[in-house]
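This is the structure I have questions about; it appears just below.
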Amino acid sequence: MSIWGIVPAAGMGSRIQPLAFSKELLPVGSRLDGETERPKAVSEYLVERMILAGASRICMAISPGKWDIIAYYGGSVGPASICYVVQPEPRGLCDALFRAVPLIAPGDQVLIGLPDTVWFPEDGLSRLGEGALSFLLFPVQRPELFDAVVTGDDGRVLEIQVKRPGAASVWVWGAFRMPGRVFHDLHRLWRERQERDTYVGTLVNSWLARGGEAWGVRAGESYVDVGTLHGYREAIQLLERRPSEAPVSFAR
Amino acid sequence: MSIWGIVPAAGMGSRIQPLAFSKELLPVGSRLDGETERPKAVSEYLVERMILAGASRICMAISPGKWDIIAYYGGSVGPASICYVVQPEPRGLCDALFRAVPLIAPGDQVLIGLPDTVWFPEDGLSRLGEGALSFLLFPVQRPELFDAVVTGDDGRVLEIQVKRPGAASVWVWGAFRMPGRVFHDLHRLWRERQERDTYVGTLVNSWLARGGEAWGVRAGESYVDVGTLHGYREAIQLLERRPSEAPVSFAR
Amino acid sequence: MSIWGIVPAAGMGSRIQPLAFSKELLPVGSRLDGETERPKAVSEYLVERMILAGASRICMAISPGKWDIIAYYGGSVGPASICYVVQPEPRGLCDALFRAVPLIAPGDQVLIGLPDTVWFPEDGLSRLGEGALSFLLFPVQRPELFDAVVTGDDGRVLEIQVKRPGAASVWVWGAFRMPGRVFHDLHRLWRERQERDTYVGTLVNSWLARGGEAWGVRAGESYVDVGTLHGYREAIQLLERRPSEAPVSFAR
Amino acid sequence: MSIWGIVPAAGMGSRIQPLAFSKELLPVGSRLDGETERPKAVSEYLVERMILAGASRICMAISPGKWDIIAYYGGSVGPASICYVVQPEPRGLCDALFRAVPLIAPGDQVLIGLPDTVWFPEDGLSRLGEGALSFLLFPVQRPELFDAVVTGDDGRVLEIQVKRPGAASVWVWGAFRMPGRVFHDLHRLWRERQERDTYVGTLVNSWLARGGEAWGVRAGESYVDVGTLHGYREAIQLLERRPSEAPVSFAR
């Protein structure tokens, strides 16, 4: 059994253009390398959190031309080895994630997050159950910009409201976890639905309608989307206010 | 069970410099794309032979900067999906191959070849046994430039003579196959030997000395190393003389 | 007074795709580097001919992403220094050439050729007059694929027939030369015509209609367009048949 | 007569590594593009100041691999066209600057600055004389980290103290200007001195010793070197405190 982190880094980053590089590499905050302070790419926050939750393998899905991501991360981050898959056409988040399907065994664990977000607590992924599809939820002020997750009293996910005005929940998912077996099931469902789903939310709603089960865990405390200049500034403030309690820094 | 092809494409190609691109992408011969004749990169010959032998997953090990390989192959070749791993430092063939270890399950099959060679017959990899380490052997005029494989009457490998003047066999390996389990064993042995082996030959000799078994299959007919200008011209002649009997061409 | 070579290397090379690199870098023939035979990129033939005609400055016009050209040529070729300009959108040959306008002084000499052609004699550019727009003409079998140049008995250009079936001349231009002053005049005319001309031929016809003068010099002997697989093979044969009489090889 | 801006962007940026991109492209502050706020690369501050001082041509000297700079700037910035030259080996600032020599006519004006600095006032380059070598000086707290410029009462430069502890002046140069003729003279002197000078300061001292003249203009107000994380933060603060009084933003 391996714990895999899947990092979908194929997006164009059109909300924060022009950048001279892939948006996942925007420097945000810093890390200590011995005594020297070093700039830190935004996606390192996600990779660190995955490793903290036990990931020993990271698969990054990139689009053609985003070679700077491979140049930056190379062969491994700390204890985790990295491999790369390519999404040839910009066909959305689901297509990017499922590029990793050939690498995942049914008995593996799969961790998924977004490489242009910064969130706390750092051990959030460890709070998710291992046996089923489980979402790490964060309270946000404008849930209508995200995938709002409506749960029952027991935490069971009832519906995901994708970028819906007047969303019924302020809790949005920021990362999720599932067994490899469920990842394969979701992939099959996606294929069955003609690969129509680009967002995770609509695919999961269909999965729930067919009897699938998913859980929401309200363990998230703060969440910033660094995909815009506004979010970028927010992230800088969040990191100044809340430096890592348990600093995790992995040599690259 | 998956059949994996591992393609070590991390070498510098210093014997054929300057090229403006990775040596694995040197155009050699052509392929038909509908009615249109297209240039064909030398490494496509290996990838096609792997697919012909059943590979559904290809892992390419590249070194930093060789992004043109990823740009060329993208996400898949015909029925096979591709992923990429990175060898950060030029530490030889063994190190490059073992970058794929995290992706291979013990029950998988592993096919390995060199992406700057062209050889016949095209179905050579299918002639190798599945249960043990098995080398596809080719007769060459100057075995001292390669890994000459000395076998017993039953085909059992006795020794690999690495670039040895006066090699005892004219048969050199051009590709090989093994179960994932054996690939992991070889990896452990390599680690144990302080990752000292850069060539496959010395590692396999050590494996044999410890009781490991390997087989040589003299099914190869022609073999050209395209890593030099001389070999490049030889390959062009070989392909004119011997166009594919069973043309395999995979849309990319 | 400087002699400039302008090399339009912004085209997509769609006739010879897929190549894993810019078509101007396709290896064709070889050159000796001391005792070692090296592959030679097709565009080196043009650059060498420009230097042979006295060019001390080369300006390459590339399109975004064709960084392999800059990686290959770097800062200089032999005695000539190189600079690069960028054509952001694929707007044709004229637009690419005129990207060099800011670099050219009225008193300079301008040499222009196509970086995916191989032609003889090597000193062809030296046979062109310096005082006016002057085309180096080559006899070809299918002038309807090129810009056929119709000249009077005295060599004065009467008309350029752009890719016209049943062209009235078998002589096509393969390179040309002019004073910087004329280059600026042509640029002004092109601007005046709303940058409509993509081919050189239509622009020159308009220039002639306004009283401009141009000359055709039938000094070309052989000419191969390496922009297709067919031309690529023809070039290899031409170079085997006709190795350089006066080998020019410049260290890079 | 043309006004050229020469931008030496060939440095490795080792003081602020790892960045996933060329240090000249670090986002610092922002610019308005219509109603949308956009990230702004640090080197855009220099380019804007050059254009404000009349530059119609920008020459960027890059080192191999820094293609992201070309991808970002492309063919032009606002009214200025851009060309690129390559410094093949890391041989210092003087070597990088003099790569532009073939492009500059004696009658041209040359503006030079550092693409990882932000300074005010924005029109500083316009305050420099056109007839001679003229430095734009800024008061800094730690002149020993820079080139401190010692001037006489009339502004004539007496000496440049290169990174000297206990420097005799708090005024350091942040940019400079000269006629093309002087640029060529300095180049000849540099060649004569076996291209030994890597810093501008030692070369200018030698130039002064030979009777050359240079002037210092104390018109600079604030100056930040963004080549370190510390400077990066300082620049962000400077830009918040002092948004451009006369915003200059050029479409790219």
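Things to note:
Labels for the chains are A, B, C and D, by order of writing; each one numbers its residues from 1.
Rule of thumb we're sticking to: contacts are C-beta pairs under 8 Å (C-beta built on N, C-alpha and C of every residue); 3 or more make two chains touch, one makes a residue touch a chain.
Treat the numbers as computed from the prediction; the structure is a model and nothing was measured.
Chains touching both chain C and chain D: none. Relative to chain A, the most remote chain by averaged C-alpha coordinates is C. With each centre defined as the average position of its C-alpha atoms, the distance from chain A to chain D rounds to 41 Å. With centres defined as mean CA coordinates, chain B is found 36 Å away from chain A.
For the pair chain A and chain C, the distance between mean C-alpha positions equals 51 Å. Touching two or more other chains at once are residues 65, 71 of chain B. Chain pairs that touch one another: A-B, A-D, B-C, C-D. Chain contact summary for the complex, chain D toward chain C: residues 2, 56-57, 59, 64-65, 67, 70-71, 74-75, 81-88, 99, 102-103, 105.
Against chain A, the residues of chain D that register as touching in their complex are 16-22, 25-27, 30, 37-39, 41, 68-69, 71-72, 229, 232, 252.
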